Amino acid sequence: MQLRNPVMTASGTFGYGTEYTDFMDLGRLGGIFVKGTTLEPRQGNDYPRMAETPSGMLNAVGLQNKGVDYFVEHLYPLIKDYDTHMIVNVSGSTVEDYVACTEKLVGLEKIPAIELNISCPNVKEGGMAFGTSCASAAQVTRAVRNVYPGTLIVKLSPNVTDITEIARSVEAEGADSVSLVNTFLGMAIDAESRRPKLSTVTGGLSGPCIKPIALRMVWQVFHAVKIPVIGMGGICNWEDAIEFILAGATAIQVGTYNFIDPSASVKIVEGIEEYLLRHNIASVTDLVGAMEMG
Amino acid sequence: MKQLDFTVRSNEKLNDQNHLLKVVPSDNEQLPEMLPGQFVQILVENAQHTFLRRPISINNIVPERNEIWLLVQSVGEGTQKICEMAVEGRLNMLVPLGNSFTIPSSRGSYLLVGGGVGTAPLLFLGKKLHERGIACDFLLGGASEQNILQRSDFTNYGTLYCTTEDGSLGEKGYVTHHSVLQHKKYDFIFTCGPKPMMVAVARYAHERGIRCEASLENLMACGFGACLCCVEKTTRGNVCACTEGPVFDINELTWLD
Amino acid sequence: MQLRNPVMTASGTFGYGTEYTDFMDLGRLGGIFVKGTTLEPRQGNDYPRMAETPSGMLNAVGLQNKGVDYFVEHLYPLIKDYDTHMIVNVSGSTVEDYVACTEKLVGLEKIPAIELNISCPNVKEGGMAFGTSCASAAQVTRAVRNVYPGTLIVKLSPNVTDITEIARSVEAEGADSVSLVNTFLGMAIDAESRRPKLSTVTGGLSGPCIKPIALRMVWQVFHAVKIPVIGMGGICNWEDAIEFILAGATAIQVGTYNFIDPSASVKIVEGIEEYLLRHNIASVTDLVGAMEMG
Amino acid sequence: MKQLDFTVRSNEKLNDQNHLLKVVPSDNEQLPEMLPGQFVQILVENAQHTFLRRPISINNIVPERNEIWLLVQSVGEGTQKICEMAVEGRLNMLVPLGNSFTIPSSRGSYLLVGGGVGTAPLLFLGKKLHERGIACDFLLGGASEQNILQRSDFTNYGTLYCTTEDGSLGEKGYVTHHSVLQHKKYDFIFTCGPKPMMVAVARYAHERGIRCEASLENLMACGFGACLCCVEKTTRGNVCACTEGPVFDINELTWLD
C-alpha cells in the first residue's frame, strides 16, 4: 500500500469519512480508518459515554456499529470512490468473530487494508484482552492472516507492561504493520453525585494528554520490529506529527483532535509539507525514526 | 455544515449568569440556512480546562444582518469564557448542526415550553412559526423573574405565560403546574430545558395524546456524527443526538418507559 | 499510622518540606513524602530534565539526592520536628540497596513509615523494573519487610498490564499499604532540532493528564487488596482528591501541582472539609471507595 | 518567598515582541526585599497549553510605588498571554526567587553585558550599583535598533554601548566584538542573554582573569528548589539554577571545559 502522504485519520473518530466532507477534501489524506466494524451489529454502551478530562477525553462508545454485512452492503458503496485509502477497523470478541468479519471484507476491491483492533478497552469480552498478552495477540493475528491477503495492520493496546513484546509477536505472525496506540483505560467520577461519569465506569482515554506516552511507545516499537509503524495518540498539529515520525512512525493517524478541528488532518498535511521545504528534506521517509541523539 | 470564524457584534449581560451574544461571520460570508432546533459548536480558546467544543443552540437568526444570536448560561469554564467574549472578539464555530423542530404544516394550537436556558431555541422556533402565520403560546419557567429571559422578544411572536419557583413572575411553581395547561388544549408541544422538566412535559403530552418534540442537551464530543458519544436510547436503538437530534419526538424516546 | 487528614504531598515534588514553609503551614498536612533517597549519593541525570506537556510534564531527575547518610545526619534533624508525618521515599537499583538504605532509617523515631519506590522510570537500573513484575516486586518487598518494623508503603508503577497483580504480590509480602501511581514513561521530541527534549530521551509523565488512568488504577487496586491504598496522579484540587477517595484511596498525595500552586495541598485540606460539611458526612473514611454504581 | 496576587498598573509595548509590565501587589502589601538577578514565577491563566508557571527576571523595583517591572518577550503562549495582560488585570506570582548578582564591595570598573531580553535583570543591577555610587558600563546587543530596549533607563545608571547585527545602532556585530572590550579593562563582568553570547563573554572574561557572573535561563518547573529539574552542571555537581542560581560565577560553570 503506497500512501499519498503519511497523514491518516483514526478509527472511531472519523466515522466513514462522510461526516467530514463538508469541512475538508478527503482526497488530501493518506488514508481513512473507518469506525470499528464487528461481525454482528452492536448497540454499544449506554449513555453517558463521554467525559472531558484534562487535555483529553474518555469514551465508552463500545464499538457501536451496524455490523459488517451492513457495511458491505450500504456503506462500502458510499465510500469506495473516495480518492484516498479506506481502511476498515475490524473488531470482535472472539477469534472466530475477527476471522468471520475479515472474510466478508476480503472481496472489497477498494479496501486495501484492514486494521485489526485488538485493543478496544470498551467491550466486555475480547477487545483489549487480545492486545494485552503476546499469546492471544499472536493467535488472533495468525487466524486473520490466514484468511486475509491484503495489508494487515494490527492495532496495539498501550495498556501493557511491554508493548514491544506484543508488537514482535504480531510481526512474527505476519502482520504487515502495527498501529499504536489505542486508548488508555481510564475513569472519572463526579465528586458531587459520587457516580462514575461513564455508564461503564471505565473508558478509553485519548487526546493530547496521552501523547508523551504514545510517542514513547512508538519509539520503542520502531526499534523492536522491522515492519512499518503507524503512530497515533494526541496528534493535533504538524509538530506533533513530526514528533511521531521522528520517533519512528512511517505514517500517523489523527484521532480525537478531528472533533475539535474537523480540518486538522488537512492542516497537518500542509504543515508537514512546509516543514520539509523549510528543512530542505526531499521526502518524509527521510524523517522516519530520524530523531538525533546525544 | 461549515467551520467559520465569527465576530462578536454585541454581548449583552441579561442577568448574573446569562449573556446574549450576537455574532456575524467574520468574512461576511452569507450564513447557510439554519433551522430552529439546530445548534452550533463553539471552539473555546484561552481556556485552560476546556478541551472540546461547546454546543449552543441557535437562539435567533436575523437574516438582514446575517447575524446569529446565542443565549449562553455560564455554568463552567467553557460557557464562562464565551460569556466574557469582548465585542469584536472572534469565535470559531461549526454551523449549523443537528436536525430541527418539525414546523407543522397543519393549523392548530402550539405550545412552546422552556425552562432555564432551554428557552434559547424556542425563540427562534416561535419566530419561524410566526413567519408562517402560526401564533403560539410560550410557557417559560425559571427560579425567579430575572431568569425568564428575552420576554419582550417572545411576546413579539405569541402569548407568554410564565412560572417562577419564587412566584416573582407569573404563577408560582413549575411549568407543568401552570393553569394554562388545564384550560387550553394544544395540538403540538415543543419543549427544551432541564430533563426532569422535559420528562414532565412529555408525560403531560403523552397522557393527552398531544404530539410533542423535545430538544435534548446530551453531552457531545464532536457534534457532527463522528464520535457516537451523544447517543440517546430510542425506539430505534441508540442514535446520535447531534445528527438525528437534538430534537426528538417524545414517542421515540424511552423516557416514559 | 494515624493521619490528621488524608492529604499528603508526593515524593520528589515537595523536597523535604523546607522548600514550602514560606508558602504554607506544613502542620495542616496529613503527611509529607520526602525526595527519593538512595543508599549512595546520586547526581541524577543531565540537564535538560524537564519538558512541559499537555496538562502535565515529563521529568528525568533520576533520583538526585545526597544519599541516606546525609539524610540521617543533616536533613532528618531539620525536619524531625515538623508537626506532620514525615515519610521517606526509599529508592535503589538492587535489592541490597533498598535493604541497606532502609536499615539506616530504622532507628529514626520521627519517621513513622517508608515508601518503597519500585517504580521510578528515571534510573537506568532497577527502579521501575522492580515494579513491573510480580516476582521482583515481591522480592524487594520481602527483603525490606524483613528489616523494617515501621509502616511499609510500596509505591507502584503504572507502566504495567495489570497493576492489581503487583499490588496483591506486595500485599502478600507484608506491605502495610500501597501507593499509586508513580509517573508514566513518556517522551517528547523538539520537532525543529529533531532532538529529544530530555537528556535521557524518556522520562516520567505526571500531572492532570494522567489523572484518569491513575484513578482507574486506584479503583482497581482498591478492589483487589485489603490494605489501604494511597492514591495520586494529577491531583490539583479538592474535587480531584474526592474522586480518588471515592475510587478507594484512604489518603491521597499531591505531586506536580505543588509546583504550580505551592499551597495547593492546604487548599485541598480545606476543600475536603467543606465538602464533608456540605454533604453532611461525618468522616472522610465514610467516603473511601464509596463511589455509587448503577 | 511569597505567593501574591499582583495588579497590572501599566503594560507598554516596546516593540513587536517585547512588553514592559509594571505591577503592584493587589492588596498593597509591602513588597519583600528583592535583589538584582532574582526572578518571579508567573501563573499564566487563560492559556490552553501553558501548565507550568513562567520565570521572568525582576527588571526593576520602584520602592516608592511598591512596583515591580517585568520586561517580557513573547516567544510562546505563556509569554504572549503575559504580554497581552490588560491594565488592572491580575497576575499571581511567587516572589522573589533565586540568588542575586554579587554587588561588589570593592571599587573597580564594571561591565554589564546583555543580549536580547537578557538585558532585563541588568537594568535593576545597574540601578543598584548606581545607588552604591558605582558607575558601570552597559554593553547591550540585539538584532537591530528596536531590539535594544530601555536605553534611556540604562543611561541613567551608566554609559551605554550597543551592538546590533544589522548595524542600525552602535557597532555592527555581536557584543563580544565591541571595541570597548579592546580598549577598556574591567574588573567585573555581569552577563545575561542567549547562552552562546554568555559563553563568549565568559571566555573573554576567563582569558583575562576578570571576575564574571552569568545569569542562566534554565528550564524550570517549580522555581523554588522542590523539583530539581533546573539543574546546572557545576564544579560542585548538579545544582539548582532556581535556588543556587540563576546567577553563577563562571568559574563554577563547566561551559569552558
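The first chain written gets the first letter, and so on, giving A, B, C and D; residue counts start at 1 in each chain.
Keep this in mind: contacts are C-beta pairs under 8 Å (C-beta built on N, C-alpha and C of every residue); 3 or more make two chains touch, one makes a residue touch a chain.
A quick note: this is a predicted structure, and the numbers were derived from the prediction, not measured.
Looking at chain B and chain C, the chains in contact with each of them are A, D.
Each chain gets a centre from the mean of its Cα atoms; for chain A and chain B, those two points are 36 Å apart.
Distance between chain A and chain D, defined via averaged C-alpha coordinates, is recorded as 47 Å. The distance from the centre of chain A to the centre of chain C, each centre being the mean of the chain's C-alpha atoms, comes to 33 Å. The residues of chain A that reach two or more other chains are 53-56, 207-208, listed in rising order. Residue positions of chain D touching 2 or more other chains, listed in rising order: 50. Taken as a graph of touching chains, this assembly is arranged as a ring, one closed cycle with exactly two partners per chain. The chain pairs satisfying the stated touch condition come to A-B, A-C, B-D, C-D.
Remark: chain C residues 53-56, 58, 132-133, 159-162, 184-189, 191, 193-196, 201-202, 205, 207-213, 215-216, 219, 234, 238-239, 242-243, 246-247, 275, 290-293 touch chain A in the complex.
Touching chain C in their complex are the following residues of chain D: 1-3, 43, 49-53, 94, 218-233, 237-238. Those residues of chain A lying in contact with chain B across their complex are 12-15, 19-20, 22-23, 35, 43-44, 46-57, 59, 61, 64, 207-208, 256, 258-263. Touching chain B in their complex are the following residues of chain D: 45-48, 50, 81.
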